[in-house]
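Read through the structures below before going on.
Each of the next two complexes has chain A plus one more chain, namely chain B in the first and chain C in the second.
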Partner chain A sequence: MDFYLGLAQVIGVHTLLGLSAWCLLHTGQVSLAQGGFFAIGAYASGMLTTMAGWPLGVALPAAALISATVAVAVGFPALRVKGLMLVVATVAFAEIVRLVCFNLTWRVNTGSGPVGPDGSLGFGGIRYFPSNGWSSIEILILIWGLVAAVMLALAWFDRSRIGTLWRAVGEDEVAAQSVGINLTAAKVSAFGIGGAIAGLSGGIFAHQVTHIEHGNFTILLATFAIAYPILGGLASLWGTVLAVIFIQGFLIEGLRVLGDWRSLLFGALILLVMLLRPSGIITSPIGRWFARSIRFDRPAAPTTGGKTHA
Partner chain B sequence: MNYNNLLDLSQSLIDGVLFGSIYALIGIGFTLIFGVMNKINLSYAAASVAAAYVSLLIVQTAPPALVYVAAALVGGVLGALVYLICFHLLPLNKPLATLMSTVGMLLLIDEAIVHITAGMPQNYPAMFVGANIDIGPLSLRSDLLFVFGFGCLVMIGLTLLLKRTRLGLATRAVSQQPVAAQLCGMSITGTNMSTFVIAGFLGGTAGAMAGAAIGVLSPLLTLPLTVKGLVVTVIGGLGSIPGAIIAGLVVGGAENLFQYLRGVSERDIYVMLLLFAFLVFRPGGLFPPPAGRD
Partner chain C sequence: MLELRQLSRNFGGVKALDQLDLSVHKGEILGLIGPNGSGKSTTVNVIAGLYKPSSGSLTFNGIDLSQRSTHERAAVGIARTFQNIRLFANLSVWQNVWAAHVVRDSGWTGLRKRWLASGRTARDEVQELLAFSGLAGKADVLAGNLAFGEQRRLELARAAASGAELLLLDEPAAGMNAEEIDELDARIRSLRDQGRTILLIEHHMELVMAVCDRIAVLNFGRKIAEGTPAQVQNDAAVRGAYLGAEATATT
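Entry: the complex of A and B
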């Protein structure tokens, strides 16, 4: 049972990460910086609860805010480039964050010995949940509560004027600009909101696993972050959820019985899904059934793709 | 800074620039493919390392020089396969799907290597090990020098191919204006395919050279090579081959320099900051693509 609770927690955290990439993909920006924002959120919230002794309820929003601030700061220079250049710029940012985590040593003494990031050894002892007596079920409820809140907020965004602007920018930048849409505002707001969500998921991740290190935040994580919305399909938020369940639940955990062959199949199955459903899982019969049975956002509108030269 | 420090500094700079020819080759591959398809092939560096692995199969029976040729040929075959699977079968107007399919291919190749070699690094035959050329107090490692010279030869060959042959003309035409090229009777699929094969030759060579310069091949090589190759592509200017060559050497040199000055764990921070500096002050790279081209 604990195994399934843990899996559901992982799926929740990764869903948040995927949703953060969804925001950026919606404005036509392929960003591999999400892993970096995730890392910032994880380190910031961990340091706030262990070193400063803040309660989680304050530390998580603070971590999200810090990530969002960094994301906006990154978003402005990143506006100068797009397509492949943006991908590489965000890769560079994520690598810088990872390497800073790798080199960051800042230990403080508390009642129960020194805590804090310890360079290449990572940052352990983020024991807010165990020391406050949270059970797995309660952590799970917290995670999925946050997922639900973020999805509701994004669904509302998507129907509001902001969502329309984002989609217009994602479809065709030149056309959007010529009808008077402020490109800077649209892109930077997507970066900021995406950064906040990634920071939030990083914060939960740090407290769920209690030990984080630079190896958690490689380019592979950022690739997963954009893989979820793309594999799932950008037309609906549910695509991201479906893709996370497909990758984390089926490809990573479900295929464990195959042993060594699992990791071989992993890449091949991602490839296969893309070949069969270039617009995402959500356009497949299973995806349509899933989206129909939980009718929550609009019926899938054909708004995928956009003009991302990537 | 005294005389000895200065010597060490120059020495690491020289080693880095020589090693940078590998980055230059990977960068050229990315640039070539981006030039004709306007898309990134993220599996490129992984395929290059895989080609070097496959070339190890003949190492017992053939002289080491042939291993490099084999790596190039296998790289070409892998390039054609990647094009057919990840690009040709997917709709052109879905750039994100192609991006993801090449990521899937990257993971597949990586895991295939790990699966077949059980994750053990494999020794790669190097040439001229130990024979160093001394210039005053500095010495040039001749295996790195060989890698550098070989890389230069390949780059000259590529430039001749692109500028002097009909195939090169077609490649340049398709990268400039695919529709017009098709109207003039060039096969877009054929040209794209041959570009992938050429890029594969370069990649296989680069993989073999990386193996020779480091001494071992390991699946851990693929991600750093991918990242460095992309950095080189951007610093050099998208679609520019001379840019990729110069940027490759610069990145290689800068990497070793920072490693000497700041240690191996901080080295890449400064390389990435170098890239950021380029993106902010010269977003087009060293040789920006001509503006206003569709």
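Entry: the complex of A and C
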């Protein structure tokens, strides 16, 4: 039973992470920085509850806000690159965050001994849930409550005017600019909102596992984040949820006997979906776009946008 | 309303635009014609802000456009269609028009407008534009799934939805059949009657001659003639460069 509860928690956390990448994909941005925003949320919320003694209900929104702020700061320089270069730049960012986690040592003394990040040993003792007597079920309900809230918000958002503008930018930047859409505003706001969601999921993750370290935030996590909405497609939020259930529930947990071969399987699966179903399991536009944009020869849109032929 | 002065644009050694002077007057339909590669699309792209001019100036209603980015030019009232259609292919027909419409209602002014809106809402306006373009029944179809002629109509509707005073239409009739061209003719006129100004780039001479108030002719990036359709048709330089060969080929 505990196993399934734990798995359901993991799926919830990863769903939030996938939804954060979903936001960026909408504007046509393939970001591998989501793992970094997740890490920032994890460390920030953990430090707030353990070192500053904040309640989780305040620490989580604060962590989301901090991640969003960093994401906006990353979003501006990220405007200058797209396609494969954006992937590379965001990987670099995530790696910097991981190294900061690796080196961050900041311990303070509380009644129950020293707490805080301890460099390469990680950051343990994030025991808000146990010390406040939360059961696994209650944690699970909190996680899925957050998932539901974020999904509702995104579903509403997707139908709102800004959601339409995001999608328009993801479809065709030149056409979007030409009808008056401000690319900077669209892309940076997607970074901000995606960063907030990633920070939130990192925050809940830190408290769920109670011990976090740089090894939690590797490139694999970022790959998962982007793989969910790509596999699930952007047409519907449910695609992302299903993709998380499939990857975490089946591929990672169900096939545990395969050990490290699962990573290979995961990679092969992504390739297969790209080739066979570029629009995702559920079908969607942006997978196709992604398959196209990952090629080197794709010209940068604004300079050739109006190039016409007889 | 739009003034191009000594506007040049080079691509490597190619002078796509060579010291072009062009004025578009408010409320007119100005045709811009010329052989393939004469710089017509380049003109549109420079006006819309996708290309920077190599030299020269362009002003719109007294605003120096060189200081404005592409989306700001849309905001001050310039919208365009693309020669090689660029719709938001995976958005619905309705969303394509909506996206162009909502940007003009965004921000603080938009919020105030929506609060004070008397009767006509943004949604009604989008619906009207779809009806105007003969796409009312296809509102929920993905733009990429439309027939070619419908895609052209949608692009025109999207440009109009941005509320622009000046519409730059880059070969809107390309690939259309005679019946569709007649409809386009009527649509262009009715847009003008609604107070829009239109710069029409077209190879389809019948349409150009019928609908335009004035015509400017480009050849190798230079303006070789300008005047009423009748004047241009009888211009020796134009006949030499363009109309003679084209007219016999298409009629």
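Worth pointing out:
FYI, the second predicted complex is superposed on the first by the 262 of 310 C-alpha atoms of A that agree within 3 Å, B and C clash if a C-alpha of one lies under 4 Å from a C-alpha of the other, contacts with A are read in each partner's own complex, and residues count from 1 in each chain.
As a working rule, a residue touches a chain if its C-beta (ideal position, glycine included) is under 8 Å from a C-beta of that chain, and two chains touch if they have at least 3 such contacts.
These figures come from a predicted structure and were not determined experimentally.
Legend: residue contacts after superposition of the two complexes on their common chain; A:267 is shown touching chain B, with no touch to chain C.
Judged by the touch definition given at the top, the superposed model places A:177 against chain C, while chain B stays out of reach. Touch counts on chain A: comparing chain C and chain B, the chain ahead is B. With both structures placed on the common chain, the touch criterion links A:168 to chain C but leaves chain B unconnected.
Looking at the shared chain after the overlay, A:218 reaches chain B, while chain C stays out of its contact range. Looking at the shared chain after the overlay, A:131 reaches neither chain B nor chain C. When the two structures are aligned on the shared chain, A:109 is found in touch with neither chain B nor chain C. By the touch criterion defined above, A:89 lies against chain B but remains apart from chain C after alignment on the C-alpha atoms of chain A.
Residue overlap on chain A between the chain B contacts of one complex and the chain C contacts of the other covers 305, 308-310. Those residues of chain B that touch chain A in the shared complex are 34, 38-40, 85-86, 89-91, 93-97, 99-101, 103-112, 114-115, 223, 227, 230-231, 233-234, 238, 265-266, 268-269, 272-273, 275-276, 279-280, 283. Looking at the complex, you find that chain A touches chain B at residues 25, 30, 77, 80-81, 84-85, 87-89, 91-93, 95-96, 99-100, 102-103, 120, 218-220, 223, 226-227, 230-231, 234, 260-261, 263-264, 266-272, 274-275, 278-279, 304-305, 308-310.
Those residues of chain A that touch chain C in the complex are listed here as 161, 164-165, 167-168, 171-172, 174-183, 284-286, 302, 305-306, 308-310.
Interface of chain C with chain A (complex): residues 36-37, 41-42, 44-45, 48-51, 69-71, 74-75, 79-80, 82-84, 86-91, 95-96, 98-100, 102-106, 158-159, 161-162, 170.
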